[in-house]
Amino acid sequence: MAENSVDFQGVLAEIQDEIDPFFGQGKNAGYIPALSDVPGDKFGMAVHTVEGEEFLIGDAQDDFSIQSISKLFTLMQVLGFDDIDIWSRVGREPSGTAFNSLVQLEYEKGIPRNPFINAGAIVVTDILASRSADASRRIGDYYRMLSGNLSNRVDEEVALSEQDHGYRNAALANLMRSFDNIQTPIPDLLDIYFRQCALTTSCADLAKAALPLACGGYSPIAQKQVLSTRDTKRINALLLTCGLYDAVGSFAYKVGLPAKSGVGGGIVAVLPNKFSVAVWSPELDSYGNSLVGSKALELFTTKTDLSIF
Amino acid sequence: MAENSVDFQGVLAEIQDEIDPFFGQGKNAGYIPALSDVPGDKFGMAVHTVEGEEFLIGDAQDDFSIQSISKLFTLMQVLGFDDIDIWSRVGREPSGTAFNSLVQLEYEKGIPRNPFINAGAIVVTDILASRSADASRRIGDYYRMLSGNLSNRVDEEVALSEQDHGYRNAALANLMRSFDNIQTPIPDLLDIYFRQCALTTSCADLAKAALPLACGGYSPIAQKQVLSTRDTKRINALLLTCGLYDAVGSFAYKVGLPAKSGVGGGIVAVLPNKFSVAVWSPELDSYGNSLVGSKALELFTTKTDLSIF
Amino acid sequence: MAENSVDFQGVLAEIQDEIDPFFGQGKNAGYIPALSDVPGDKFGMAVHTVEGEEFLIGDAQDDFSIQSISKLFTLMQVLGFDDIDIWSRVGREPSGTAFNSLVQLEYEKGIPRNPFINAGAIVVTDILASRSADASRRIGDYYRMLSGNLSNRVDEEVALSEQDHGYRNAALANLMRSFDNIQTPIPDLLDIYFRQCALTTSCADLAKAALPLACGGYSPIAQKQVLSTRDTKRINALLLTCGLYDAVGSFAYKVGLPAKSGVGGGIVAVLPNKFSVAVWSPELDSYGNSLVGSKALELFTTKTDLSIF
Amino acid sequence: MAENSVDFQGVLAEIQDEIDPFFGQGKNAGYIPALSDVPGDKFGMAVHTVEGEEFLIGDAQDDFSIQSISKLFTLMQVLGFDDIDIWSRVGREPSGTAFNSLVQLEYEKGIPRNPFINAGAIVVTDILASRSADASRRIGDYYRMLSGNLSNRVDEEVALSEQDHGYRNAALANLMRSFDNIQTPIPDLLDIYFRQCALTTSCADLAKAALPLACGGYSPIAQKQVLSTRDTKRINALLLTCGLYDAVGSFAYKVGLPAKSGVGGGIVAVLPNKFSVAVWSPELDSYGNSLVGSKALELFTTKTDLSIF
């Protein structure tokens, strides 16, 4: 099927029908009430083409918690500065198993493997925090600029809950600090980090915010170039090799698109020069990725025959 | 630059000029004489388009040792059988650091992370060996079918040298056998495995042999479908996420093509629906990938603006 | 209680009464029939004092498979040679968890942590095999000299069964060979190693064989000095810190004697200048040590108030 | 040499002569000025017999920083309470390599391997902090009771410096907190912990404070039973198997006494029923143990022929 002739709305409708059997197989993130209490049968999906068309289905306009997908946008924000060498402080390689995250960080002298594992994302946030006394607001501003939706805001209840369960992230930050790879005072840094994870967004917003990755760095929403073409390609490469934790290989194998997931149940993906796509359904598989969302994206690339491979 | 208008021959000539400063920075594989003795300034490159055009430069028709690139072709060969469930015996995820290979194999009960690390490739060869008393010849036949070159043969001297240095692979095979994930008697299995790594090929042959990955599974050389479209895409996804050991992220980031390298200095890569490209230069970087070859491929995708991202 | 006044026979009788509730809580080693088929309620214990008294109870004269306890005697045998520097090839530190054994061996460049983990014991056997074409017989001769019992022989059925389940040991040997820390051809080496583990012995013999460790290196049975006083103390230190795998700390904590165990259900321990003690009962705890045997030794040092601490 | 006839003062004098060549081979702990600035040629040693004799040499009455030796005394203090089950929260096994400390803590669900690695000592301090609002003072009181020296006090400069370099300990505490094995707010807990490590003491005091471990739990200084006989033996077993980090095996092998070291250059050891011995010299070997101190203790047990083995 050539992309020109794809009936995206029809494909979304088919997917909504076909994913029905997959509800109830996963489980909401359970560590904070604000995530565990979301109805498990929520499902939304949004496609935004580089030509400007938008296709929505289901709960595509409902808000949910962005969680780890925020790591993609803070990385974009940092790469948008010309004068920062982020790659001396964070690597670009897959991390292997979650099991090894702490030992790798130790073995590799406090340099996280990539910006999408927690340790790496904390370094990225540390870079933003070092540049601005008001990093938390600026992170929100950047996302709102990309989504074009001023109502994307921090859910304070989620942010507080994160803090109550953030000991593991505090362990990572302290370990990196012992290797001089963190500069911001750790309680301040974690506060900013937990707040970025507590942003709320919808599939419709998320697809818009990710559009620059399909448009060579240009944001049709903000109507400006937010990344160089070169950095855009590189972020897409990083997403493909590191964007889905321990399921990165399976996801590339089944879906074949650069993507980033969050434990709020969202996943955003792009096909360069074609479209961005966001999906949301809160029940997670054993890797912490939306189970129904992953299946929906697999159906999407199978039905449209559109993937990078 | 649109691909239709790419002057591939001109690009190859530019690359040959520009890679000159990179010779002497890497080092030939040193563990067996047959590899360490190859002149370090050798350089060849071959592009084969899906339309059937071929572009060669430098030593593109010289033979070299295929080494780990053979893992790609044994995987294709196994996936060409309809009745085999390889994925219960080998994973599809990046392995993280080389450092962890044995502990991961132990922790994950003898199931290698993917078919491109040694342990995984040995399992793939075990599958072929279990199906045929004459696996070694069949592996060669399959490659010769894809390359169209009957003179691609096992270098017996290399095969013997490998055996003299194969204790680490024997350790992997025995560990997997202790978890019942190897069936062939280990000395026989390693003999077949070392022979597949000792195949000789040229860049020109290699580009032809990899063409099915750019043609939806169809081999223009053998004039037949050797893989399903689905498996073809999946192999490309695996190459991108797992094909270059510990440099998979950097390679995706810099080059942006599914690829497989070998310590003989060869690298083969594909752009689906467009072309395959092979490069050879024996000096290796610290990850065991051809240093000049990696640089040449980075120049290639930068100059042509052709990558999957 | 002063040792002079200890009624060892009475203590053994008390122990035999009190260990009754512990039968059935452990499980015989299951990987080879010759071990799994031994009746679980077997129990024997032997004490041999430095003054030459012997106290036996239960099945103290029944033969069982020496298994890993043989590692103690091959170490003694190697240290008996003056011209060997074993400590450049094997360490003297506890190994931490079994889980890490392979990764430690890799991280530490093929040097096993100590001579009582399998990898270390294989190096010790390699040293013996490098010195003699007839290492297997000499290992048996050495043990028979210490025990004074010519009927301690290799159980060929056990030796063959070991070989059928020895893939993990083959993995260790090959990994060490890749670091040049093994010299004997691996199949020959493993054959010798499996044969040493298949020696049969009784508690009575075992207590006699270990007596030199309580007598400053002198064997009252062989009537000669078999180790220097210095090496004797050092072996005792090694036993205490490394002799019981992952339970070394708990065993020192509860029993407080240098000791070595085997999956055949035997444990031998010494109190320097006082006595040796051997116990046998085939059911193992989760660490692979005799459950009833460990309990019996704990009762023994508690009742006699005799331990090194 | 029988212990009755040992000329301890003469032995100490010989040691002081013989250790001369070993100065300058190690290096003071460098991470805080208060430790790095101590003159490297300091050397003191104190022996205290169970009969009440005291032998001193060199700088035996100079104060130095107790550092990790404090872990021994907080463990004694906790075991002195009848109603605490410490062993559900901390293990009793050697930790293997330092390299693995974090991964073991993660793999073993936040339960440190033993009370003498930092993580384990932090749990012990957490137990004390949970029982008393004034834990820091009580820890000091307990030590002063054992040493009989009221001038053993916290060096506030050292305590503050520790805090500035305590990120790794904060990482450990946070990781354990994420597994619910820490109860005290982490900044408070680390403050108490760093203060206990900043106690100053002399060899003479230290030998007195450790005497209960040689006297079945009785403190001749405080003139009371501070530990049960059973717990005393068990602490000695723990010291022998876990007291010197990665050098526990070598130390047991060379010295043969239960001992605890600190990066301030102190080491304290005991021979049950005979004596306690403390040594101090600030230059450390690669394991973080006093280089001259370790050598002095090796000479001490060799010359007196007194060790537990």
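In this document, chain identifiers A, B, C and D correspond to the written order of the chains, with residue numbering beginning at 1 in each.
FYI, a contact is a pair of C-beta atoms (placed from the backbone, for glycine too) under 8 Å apart; a residue touches a chain by one contact, two chains touch by 3 or more.
Because the structure is a prediction, the values reported are computed rather than measured.
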Fraction-based call for subunit C against subunit B, same above half, different below: same
Superposition of subunit A upon subunit B: rotation angle, C-alpha, nearest 5 degrees: 180
Inter-chain centre distance, subunit C versus subunit D - centres from mean C-alpha coordinates, in Å: 32
Centroid distance [mean C-alpha coordinates] between subunit C and subunit B, Å: 48
Distance from the mean Cα position of subunit D to that of subunit B, given in whole angstrom: 55
Shared interface positions of subunit B, touching two or more other chains: 99-100, 107
Of subunit C, residues touching subunit B in the complex: 99-100, 102-103, 106-107, 167-168, 170-172, 174-175, 177-178, 186
Interface residues, subunit D side, partner subunit C - complex: 91-97, 99-100, 104, 107, 113-114, 232-234, 236-238, 240-242, 246-250, 252-254, 256, 258, 272, 307-309
